[in-house]
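One chain, subunit A, links the two complexes that follow: it is found with subunit B in the first and with subunit C in the second.
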Partner chain A sequence: MTTLTEPSNRTGIATIVLVLLVLLILAMMGFASFFQSSGTGRTYSRVVDIRQTIEAGESAIFEAASCLRESMDKSQPIKGGTGDNWRELICQAVQNRDPSGINKDRRIPPTLTRDVFRSEVPSLRINDVIVNLVGQHFPTYPPLEGQPMYPCGVIEMSVTVFGAQRILQVAKTIRQRRFFYLNAKPGELSCASAIFFLLPESLGTVIE
Partner chain B sequence: MGHKDRTRPAFSMVELLIAVTILALCCVPVLFMANHNVETARIDRVRLEVESICHNILERFGQASDNLLCYLAPIPGNPSLLASDNLFMHFKDVYNNTAAGHLGINKLVTQHSFRMRVELKQGVTKDLALLTCRVSWISDRERQKKTENLSYARFILYDHTH
Partner chain C sequence: MVEILVVCTLSTTVFAALMGLWNGGIKMNRAAQSSTTLQNALLLEETIFQDFHQLGIDPKSVNSHLQAENCLSFYRVAFVGNEIRLRPVKYARVKGQNGLFFLSRTEVTPDGKTNTKVYRNAPLQHLSFGQLEDATFNRRYLRVDITVAESDRQINTSVQSANQERRGCRTLVARIPIPSGLGDLCLNVATKITPEPASGLLPLDPP
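So, the complex of A and B:
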């Protein structure tokens, strides 16, 4: 009769325990390596994603600014989005000294930016650009020497871009403000004759 | 009988031999994984450097006031498209930076066949241009060479003209 304390059985048990221990260690190392590799990959993708969302957001704002200028120059509504005529809107806001008529979730679709960035990163999602009038005033003083135009106000454009990564998705809102100028006689503003200038340089970029 | 069991060592020589063999086998995947991770880090380092160069080109020339046009030439048959290959050759002092953490452009060109093409598409709209930086390089993981491509794009907004 054999018992558990006999050497042959103890060898078998010890071997099984050792094998199980080794398998456990191997599994732990495998998981650790997998998680390390996966974590590094995700971190790297996230960095690239953030960079892409910022690039796409800035480009979307540039495109929106270009659309806005065209609408100001030609006094025609922008295609898509909320289809606003920005010349009329800004004229009214400056004349009435009241921006409340403008700031109603007015949107411009960045169609070209979407085409360009989706050809590189198909799952990148770019929302419409939201335009707000931050401040405006109607100039009542003559222009300073050498300055034919008056700063009339500040327009803010913001856009939210969603990154390509599905897990822990990157979502960044890019916000820029620009001065717009007005070429008109002090105290007089005719929407038909006023010429607006929207500066290419922003007052800074905020990334939220 | 009980006295004999107490004096016996906890593990026999065979048990110890098995244990040592199994533990030694454990080191094989550790070595493999360490090598794999080093390879991954090496490839990622090249990719990061390339991404950095590509992105920096957009930062350097991504404003309307920058002098990118000095370095670009029009493409025959498409006057609105200006392009330049390997623009970094004009800025050797900048891109030959081999300070700690940088591979340097020379290594990228010689060891990884790094190539760059910068394009400026003018007149996308009246006052908008599209700047694109495309790069390609060869990454070699475990002696298997693979051509990688990357592209960054940015719109450039010019002055408001009437």
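So, the complex of A and C:
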């Protein structure tokens, strides 16, 4: 018959306590390293996610600008979205000197950009590109002194992209403005013959 | 006698285990500091990257930006209605203790106030701004080199010992976007590109 106060039992209890202590320290170290790596991983993921959303947004706007230029050049409606024929829209606005018909949040779907980014990052979500006319100069004919003769304007394109990692909730809206002009005077404007120029370099990018 | 032997053996084992844990703890601490340092460098780089991405150019100004080794000043674009406003932004290095620096970012807000933020949680060993020119395509690039020190680096007294420590280094190179048609009469009547009222590029700090 032994009791807890006997030396062999005390040694056993001390051993167990020491082993538990070592295990506790090991567990704490394990948790600390887990949290550390988790924190580093989250920061890195967030940074990568934001970069991807910005790149995807800029690519989407670039694709939309290409579609817009094609529609202006060939006078054909853009596939998908609101399916607008931008040559007709702008010609009508210039002839009527009234841009209100254009500004209705017209949309262009960035299908190629979506395909490319989805093949790399399936959960990245890219909205349609919204196009608006934000500034214009539709001159009277004959033009007033000191004013340019050619119709021109500034188009704003914006797109919202949601990051791949839903838990981090990355969502960025990228806005760009581009300048365009027509080489035909309003009095001589013919929708069929006018040549449109949409400049490739943006006037600025805003990330919100 | 046997009990003493067992206690001695156990004590030795526990001591050895604790020494191993101590050593492992120190290594983990170093790894954690390196990781945090790299994170700080990454976050500073991203902050500057996003401002560079929104860089704008005043058509009436000769320079798109002002640059010295310790300072960089440029405009950031903001869309306000039909106009494009240019908001002055300046990055500079602020001297700290023990040969360290801090990054400071100054922005002029639309109401004309100057808003300065110093990133004191990321002490820097090195920060420099430079410009690269590509003569072939006539393009210009801005370059930022950042070396972030460990955040508890203040306990060390010499820069030499700091250089042997772990640190996070990042280099950012971004092309200066130059919009087409700047200064064109047609563009001027379609939109106004102007700096915020009563502000120009923020002046550079003396070296």
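We adopt the following convention: the second predicted complex is superposed on the first by the 158 of 208 C-alpha atoms of A that agree within 3 Å, B and C clash if a C-alpha of one lies under 4 Å from a C-alpha of the other, contacts with A are read in each partner's own complex, and residues count from 1 in each chain.
Note that a residue touches a chain if its C-beta (ideal position, glycine included) is under 8 Å from a C-beta of that chain, and two chains touch if they have at least 3 such contacts.
Bear in mind the structure is a predicted one, so any value in this text is a computation, not a measurement.
Trainee: If we overlay the two complexes on their shared chain A, which of subunit B and subunit C does A:Asp73 touch? Say first, second, both or neither.
Mentor: In the superposed model, A:Asp73 contacts subunit B only, not subunit C.
Trainee: Regarding the shared-chain residue A:Arg175, is it in contact with subunit B (first), subunit C (second), both, or neither?
Mentor: second
Trainee: Is A:His137 touching the first partner subunit B, the second partner subunit C, both, or neither of them?
Mentor: A:His137: touches subunit C, not subunit B.
Trainee: Let me test your reading of the model: by the given contact rule, A:Glu156 touches which partner, first (subunit B), second (subunit C), both or neither?
Mentor: A:Glu156 sits against subunit C, while subunit B stays out of touch.
Trainee: Per the contact definition in the header, classify A:Met29: touching subunit B only (first), subunit C only (second), both, or neither.
Mentor: After superposition on chain A, A:Met29 lies in contact with both partners, subunit B and subunit C.
Trainee: If you stack the two complexes on chain A, which partner ends up touching A:Tyr44: first (subunit B), second (subunit C), both, or neither?
Mentor: Once the two structures are laid over each other on A, A:Tyr44 reaches both partners.
Trainee: Between subunit B (first) and subunit C (second), which does A:Glu55 come into contact with in this model arrangement: first, second, both, or neither?
Mentor: first
Trainee: On the A-aligned overlay, A:Thr205 touches which partner chain: subunit B = first, subunit C = second, or both, or neither?
Mentor: After superposing on A, A:Thr205 lies in contact with subunit C but is clear of subunit B.
Trainee: Just subunit B (first), just subunit C (second), both, or neither: which does A:Ile13 touch?
Mentor: It touches nothing on subunit B or subunit C.
Trainee: Both subunit B and subunit C touch subunit A; at which residues?
Mentor: Looking at subunit A, the two contact sets intersect at 7, 11, 14-15, 18, 22, 25-26, 29, 33, 36-37, 40, 44, 51, 199-200.
Trainee: Tell me, which parts of subunit C touch subunit A in their complex?
Mentor: Those in contact with subunit A are residues 3, 6-7, 10, 14, 17-18, 21, 24-25, 28, 31-32, 35-36, 38-39, 42-43, 46, 50, 53-54, 56, 77-79, 81-82, 84, 177-181, 184-187, 189-191, 193.
Trainee: Can you tell me which positions in subunit B touch subunit A when the two form their complex?
Mentor: 5, 8, 11-12, 14-15, 18-19, 22-23, 25-26, 29-30, 33, 36-37, 40, 44, 48, 51, 55, 58, 64, 124-128, 130, 151-160, 162
Trainee: Using the touch definition from the top, list the residues of subunit A that touch subunit C in their complex.
Mentor: 7-8, 11, 14-15, 18, 22, 25-26, 29, 32-33, 36-37, 39-40, 43-44, 47, 50-51, 54, 134-137, 147-148, 150, 152-154, 156, 175, 177, 179, 181, 199-207
Trainee: What part of subunit A is in contact with subunit B in the complex they form?
Mentor: Spelled out, the residues of subunit A in touch with subunit B are 5, 7, 11, 14-15, 18-19, 22, 25-26, 29-30, 33, 36-37, 40, 44, 48, 51, 55, 58-59, 62-63, 65-67, 69-70, 73, 112-113, 116-117, 120, 195-200.
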